[in-house]
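Okay, handing you the structure first.
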Amino acid sequence: MSSVLNLQGNHACALAAIAAGCRFYAGYPITPSSEVAERMSLELPAVDGIFIQMEDEIASMGAVIGASLGGAKTMTATSGPGFSLKQEHLGYAAATEVPCVIINVMRGGPSTGMPTRPAQGDVMQARWGTHGDHPIIVLTPWSVEEVYEQTMRAFDLSEALRIPVVVLIDEVIGHLVESVDMARFKAVKPVERKWADSKKQGFQPYAITEDFVPPMPRPGDGYRTHTTGLTHAESGFPTQDPETGQRVISRLLDKLEHHNKLVESVEQTDCEDAEVVIVAFGITARAAQSAIALLQKAGIKAGLFRPITLWPFPDQSYASATRNARLVLVPEMNAGQLIVEIERYQKDGTSVVGLNRYDGEAIAPQQIVNKVKEVLQNA
Amino acid sequence: MTTAAIKPLKKAQKQTQKVQRPRNVLIVGVGGQGVIMVSKVLATLCQKQGFEVKQSEVHGMAKRGGAVFSHVRFGETVYSPTIPEGEADVLLALEWAEGMRWMPYLRQQSGTFIADTQHIVPPFACRNRTRGAQSGYVSETIETVMSHVDNSFAMDAMGIAEQLGVVKAANTVLLGALSTALDFDPEAWKSVISMFVPEKTIETNIRAFDAGRDWALGFDRESELRNLTDTHSLQQEGLAEVKVDRSIVEITEEWCKSCDICVKFCPERCLVLNDKLIVEMAEPERCTGCRMCEWLCPDFAIAVRTPDQISQ
Amino acid sequence: MSEIQIRFSGSGGQGLQLAAKILASALALEGRSISMSQSYEPTSRGGLSRSDLVVDSSAGYPLVTEIDYLIILDQLAVENSTGMIKSGAAVIVDNERVDAPPPGEHKTSTLPLVQTAREVGNIRAANVVSLGAIVGISNICAQKSLLQAIHDTVPSRFVDLNLEAFKRGYALVSANREEDPHLTAVS
Amino acid sequence: MAKASSPQVTPQDSKDKSNKASVAIEVKPLMGNEAIARGVWEAGVRVASAYPGTPSTEILENVAHYPEQDIEAEWATNEKVALDVAIGASFAGERAFAAMKHVGLNVASDALMSMTYIGVNGGLVIVVCDDPGIHSSQNEQDTRLFARLAMVPVLEPSDAQEALDFIKHGYEISEQFDTPVIVRSTTRLSHTRSLVRIGERISQPTKGFVDNIAKNVMIPSHARISHPRLIEREQKLGDYFNTSELNRWEPGKTEYGIITCGISYSYVKEVAEDASVLKLGASYPLAEDLISKFCESVDRVIVIEELEPVIEETVRKLGFKVEGKSLFSREGEFSPSVVRSGLAQAGLLPASESTPGLAPQPLARPPVLCSGCPHTSAYMALRSIDARVAGDIGCYTLAAIEPLKAIHTCVAMGSSIGNAVGMYKTGNETRPIVATIGDSTFIHGGIPPLIDAVYNQANITVLLLDNHTTAMTGGQDHAGTGKNLRGKKTERVDFESLIKAIGVKWVRKADSYNLGNFYKCLQDATRYKGVSVIISDRPCVLDPVKIKGKAFEVRAESCVGCQSCMNLGCPAISWSGELHDGHNKVKISALDCMGCSLCAQTCPSDAIHLPSET
Amino acid sequence: MLNKTKAAFEIRDYIREDLFPHFMCPGCGHGIAMRALLWAIHDLNIDKDKLAIVSGIGCSGRVGAYIDANTFHTTHGRPLTFATGLKLARPDLQVIVITGDGDCLAIGGNHLIHACRRNLDITCLMLNNETYGMTGGQVSPTTTRDRYTTTTPEGNYEPVFDACELAQGAGAGFVGREITLQTPSLKSLIQQGIAHPGFSFLEVISDCTEVYGRKNDLGESPQMVLSQKSEFRSDSYGMIADEVFQPRNVKTGVLHKSDRPEYAEAYQQRITDRVKK
């Protein structure tokens, strides 16, 4: 039988999770993410995993963290309003360094917005949704195949680094059915969490290790540690000592910096000599890719910079990709969120222009082409 | 105007010969048991038989669980209202320990001891909370008494009354037993009892009287003693030996937050807050190791340990 | 292979997603790559609904931009596609539910899709009737593949009904071929 | 000692006379107090008043059994009021009566000391019951000494028959000599039942009020005139008693003679039937001539009298060698055994051979607060707040001992509040000062000191234990119960209003059954700066009606043997015989449990429940 | 589960001694409840390594940190959600939630009712001190009517939850309530609750002496502890004819017990059935 499957993005997400070793899913139904839960409820029991539909998104996130504390690879999926509800626990997971994967199939907003329509409005929420400084990884696949790939990678990163990972999918990709050749995923070996295996006496669950990722004590193994969302010292117990607080939070934040190579993932198309670099992710990047072909046909040197790892933003790669650009166009299905980050890196002589759409429709390739032409004409 | 003594008004011929000196019946029990009722019946009976009677009681504490006694003296001439020590012809005890209290009043050799075996244990006899503490109740057993007093009857009046279906008539059962120790016609007893009990219960009380009387008449001292010896030794074997030991209260001073709960809830009130407001064992000899302080200390500053725990 | 963009549209509950899914499934059986997307309003019944297929996408963009084949089962869906229809595209509209087909340089066929479904025994089979019609017009895939796809996709107790609906839809096109010159013009 | 000639008064004579004086119509077994009541009624008394006090309480209760149209019987608010009421009736020309216990006379003494100057119009007899052996009192004072101070005659019956007769005789003396008369009883006499010939009531003609300011109004000028009359009266009474049949010489062996009075006489007759005996029915003023003659008639004079050597000293004063307190104790109650051993000590009787038989160690069975007693929790709370507690007279005095141990002083009726004020005034006390006082006691003597406390701005708390009855003496009504001696409805003192009217700003009612709340209330009260009063409003479970709720049960499996419940001292709770970790588990006697729930509230292991619960 | 030969309960075996004295105020009932919990754990012979204590936010939430076990101090109102995940992922762990009245009934009320409904084998120990002690004594869903808090300056006017009835109504398999004064009973109740296969909801009447007690003048700690009994026991009142005493009608002890299917078991059963098909 053919290894090619017609797969919906949301289903791909579920299958990838199972493949990555996810054995616990807790969620709450919300359009347009519900297919992830539905598929998980079908798949998890077959691999002795647990599926539970909780009473709300907060509870789902709590259960996910609880299960992960118990040692399971865990995931939840939601959309805008639910993602907002999960933010407190996302912060908890970040603070206590509990691996977990959060799928956010974005829809229009603010508030209930347009539940069935695509949008890319959660760029900033995914980064700064919860309070306080915290590490977080956000991945943005642009196809069903990449949903599969990046979901698996989300688990690997989360388990390896003990950081919550958000997979930011737009409604279009979530509901898109594409033909995916599964053959290439067969051989992928999921990453396993680094479990504590040292002396139990005086064990420091948040010790500063070489890789900044302390091994995690598994309940039942005899470590009997304390986990708290309060700022905690290496011992795991709360501290109010300024020096200790500074030290342990720095370690938490530096963890990502330290593992930058592992975390970063970008795709660049024809950026080397591009005058116009389009920065986009998700379905918008697909439109941009079509647009580049049209622009190139029209003689405009255009390239695509696609941050698959949206957060932390791959600033170095971006800088190199846009070194020759006169124009950086940032099309996004929001009123301008990613562009704010991009403007931070704007060099003299490069204009950064947004192309924003928030009417519940995807940005079409022709729109991008038109915008580029318009900007170039006016320049 | 006054008389030295009141002569019997109606002399019962057959008894005049026998009663040379006053006969003394001491009735004892605990407040609320009906000592006064029993003695009133006897006094009235004696009066009806033509004797001079004096009955003396102290019952101010009757309602407060104290010891109650009533002296009944009857004869041709009775002076003192109270019975001299060692001169009670009959000691009727409605409660076992009260019987023991008044034992010295019983006439040596010829005195008759009739006691209900029921135990009314005063709270004071159970005041010791220490591990393995023994009750302060009297230790004399039926066997001890029977081997010292020839005419002794230890009866379960309550049980007999219960069998008849009239728990309240236990006193009448005792009167039945008492009747065998005095030379009055049973019918005379019954007629007086009928005067003192509610009309509806006359019939049951008569039955109770008969039951008590029959029990006493059929009492076989020797076999009873043998029985007691058997059961007594059995009891001895069954008694679990509980080591009486003293627990130690350990206080972690640094953990005490002066909340005062242990001080206030200690049943023996042996803890205090010292001048630093830290809990302190003030009267270790009073501590019974009940653990109240340990349970209620919100700060885990108190641990109660038994000596064997400490030795471990 | 060149890119083909197909849209099934109408109102919610008309089975447009399923129609697209069956077609996608049939195409997959033939080794074709597809991108299927959808749009619906947050109601299960009523409201605009559409399901799009991009077959053998050349630019990698998975959404329709210029429709080659368009099925409209309800007047409601007309406006949404207006302006996206490739000139020369085939547009099939239901004769009962669509009063004013989209204007433009394309070939519009008005067919009794709903009526046919009713005849087959279930008005909700209009989606598969239209599927028959579009396969009949476009020859986008072999009938055999599509029949297999129906077997694979539809719950077993509805398979016969859907097979019949498909055949009737297919027949609808061939029956009308003589009368409508446009229909034969499509390769 | 010279032998006297034969006595002038013989028992034979007196007997004949008495037979003529009253017609015996019936013989009944009567308790001493019942006989006194009978005597009061037979004497034609119109007004009788008393305040309950063991062992005198039953006198008025029995007087109340006689028809209302014959005699007014009432509980007075205290003994002084009782005596004042009787004095008023005497003024109005009727025979009047008051009864009290020995310490009650202390309260009434103020009125007595004046009344002895005034004398009587209608006859006035006061029965005072002494309590040798202190069965139920705070001391064992001897009323005869008080009588000497007041110069009023004292008659001392030795059995119930005499009790009845002496009352009637007392009225004759009272009216004949224009004096109040005290009839002294003792616990043993009051509570001994013996056969009594009873008579009919002899109604007395009403004398009416006799207006005589010089006699009736004791101002200094009148009193100065009265005092010599009093001395003269004493002399006349002495003369009278020399020949009165109240005193009886019973001739016997002449080796020794015994002078005795009251109940001791019966002990003497019991152990020395053939001795010469001078039985004194009037123990003040003493019949000195008679005594002298008696002393002269025997070789040795022995005086046997309970408590103070009143007779003995007189005999000695008369110049005779006498033995009394050298043989018989000055304290405690006598008994045949005591008299026998005293005479044996004097060598007059053979020593009783003591053949110790079975002599078990007696079980301590002190009186305790009843099961369900609402005072229990009040004192637990007091103990918990570590208060300095001035106690008073009543059942609750039992809270001074184990296990409650919450009372530090107890003086006399109504003393607690004044005591507390004094404690406060020293400034020495660091603990909260609380006076506890019962409802009846409060009315008796607690109101003036409460006024004093407010007036003098004391910082104390008064815990008024209102159990709606005079419990200690057996449940008598009082001004705070809303019922009179005859059980009829009357006005009830509203304690709260009364206390507020006195000027107390902090008054609160609390239910002592609600442990937590009561404790809290007590804390609030003691924190208040000034006089605070808590009225513990919870009726006695025994009187006037028995309030018995469902009995609580101990769930043996839950009981951990901590015996916290034992702190209640509840007589319904004892050991079950089972152990938990070596500690005795408890059980509750269903018969005795009143269902007050205090043990259930105290139990830390929730082992005590009502049986209906599952 | 009971082992007769085990040693006597020694609380120091179950606490993180180096953190003592704990942070709780003098007289705080939470300490007493904590002892009862540990005592029950000892008597049930539960291995500390297999013990997971999940707590929320507030004074009750801090209790867990002092227990020598796998302790999880989670977010406000959500400990039950963490516990649900933990228990499902690790059925071998004994999961006990320590929560407070505000934590459990207000912010976490939704989680409580659903946890009860699911009947997953978790023990939920709700320490009810009628207030938000840690934030300074605000009104909570269990604050007694008319009592003062920092957010009800005129006295509480809102109706009060009966948490146990709520839990029972929501389907909890085991529901009980006890006061801290009755420590042995509390221990026994907790013991039964833990042993019960299914969701156990245990309400502990605790005391906030320093904040709530002060504000309402409820007396010092001993008095507050003492009041629990008379104030909360419906049956502490025998049928006395001359009635005055009417304590609050709140019951203690085991209030409800049912053998509804336990969640994880029911889940596995359903999965097995499906796999068989």
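Letters A, B, C, D and E name the chains as they come in the text, with residue numbers starting at 1 for each one.
Operating definition for what follows: contacts are C-beta pairs under 8 Å (C-beta built on N, C-alpha and C of every residue); 3 or more make two chains touch, one makes a residue touch a chain.
Owing to the predicted nature of the structure, the values given are computational and were not obtained by experimental measurement.
In the absence of subunit A, chains linked through touching fall into B, D, E | C. Shared contact partners of subunit B and subunit D are E. Nearest to the overall CA centre, using the mean of each chain's CA atoms, is chain E.
Comparing the CA-atom centres of all chains against that of subunit B, the greatest distance is found for C. Summarising the inter-chain layout, the chain whose CA centre lies farthest from the centre of subunit E is C.
Each of A-E and A-C has its own count of C-beta contacts, and the greater count is at A-E. Taking each chain's centre as the mean of its C-alpha atoms, subunit A lies 86 Å from subunit B.
Computed from the mean C-alpha positions, the centre of subunit A lies at a distance of 36 Å from the centre of subunit C.
Between subunit C and subunit D, the centres computed from C-alpha atoms are 115 Å apart.
Rounded to whole angstrom units, the spacing between the C-alpha centres of subunit B and subunit E is 48. Shown for subunit B are the residues that touch two or more other chains, namely 264-265, 295-296.
Residue positions of subunit D touching 2 or more other chains, listed in rising order: 384, 560, 604. Counting partner chains per residue, subunit C has no residue touching two or more of them. By the definition given earlier, chain contacts exist for A-C, A-E, B-D, B-E, D-E. Within the complex formed with subunit B, the residues of subunit D that make contact are 11, 14-15, 17-18, 21, 27, 29, 54-55, 135-136, 159, 161-162, 165, 169, 187-188, 191-195, 197, 245-246, 248, 250, 263, 265-271, 273, 281, 335-337, 340, 352, 354-355, 357-370, 383-384, 395, 398, 402-403, 474, 542, 560-564, 566-567, 569-571, 573-575, 579, 581-584, 586, 604. Against subunit E, the residues of subunit D that register as touching in their complex are 384, 511, 513-517, 519-520, 523-524, 537-539, 545, 547, 549-550, 552, 558, 560, 594-597, 600-607, 609-610, 613. Within the complex formed with subunit E, the residues of subunit B that make contact are 252, 254-255, 257-261, 263-265, 295-301, 303, 306, 309. On the subunit B side of its complex with subunit D, the touching residues are 1-6, 9, 30-31, 40, 43-44, 47, 52-61, 63-67, 78-86, 97-98, 100-101, 103-104, 106, 108, 121-127, 129-133, 135-140, 144-145, 148-149, 240, 242-243, 245, 264-265, 267, 269, 288-292, 295-296. Across the complex, subunit E meets subunit D through its residues 178, 181-185, 188, 217-220, 222-223, 226-231, 233, 235-242, 244-245, 247, 252-253.
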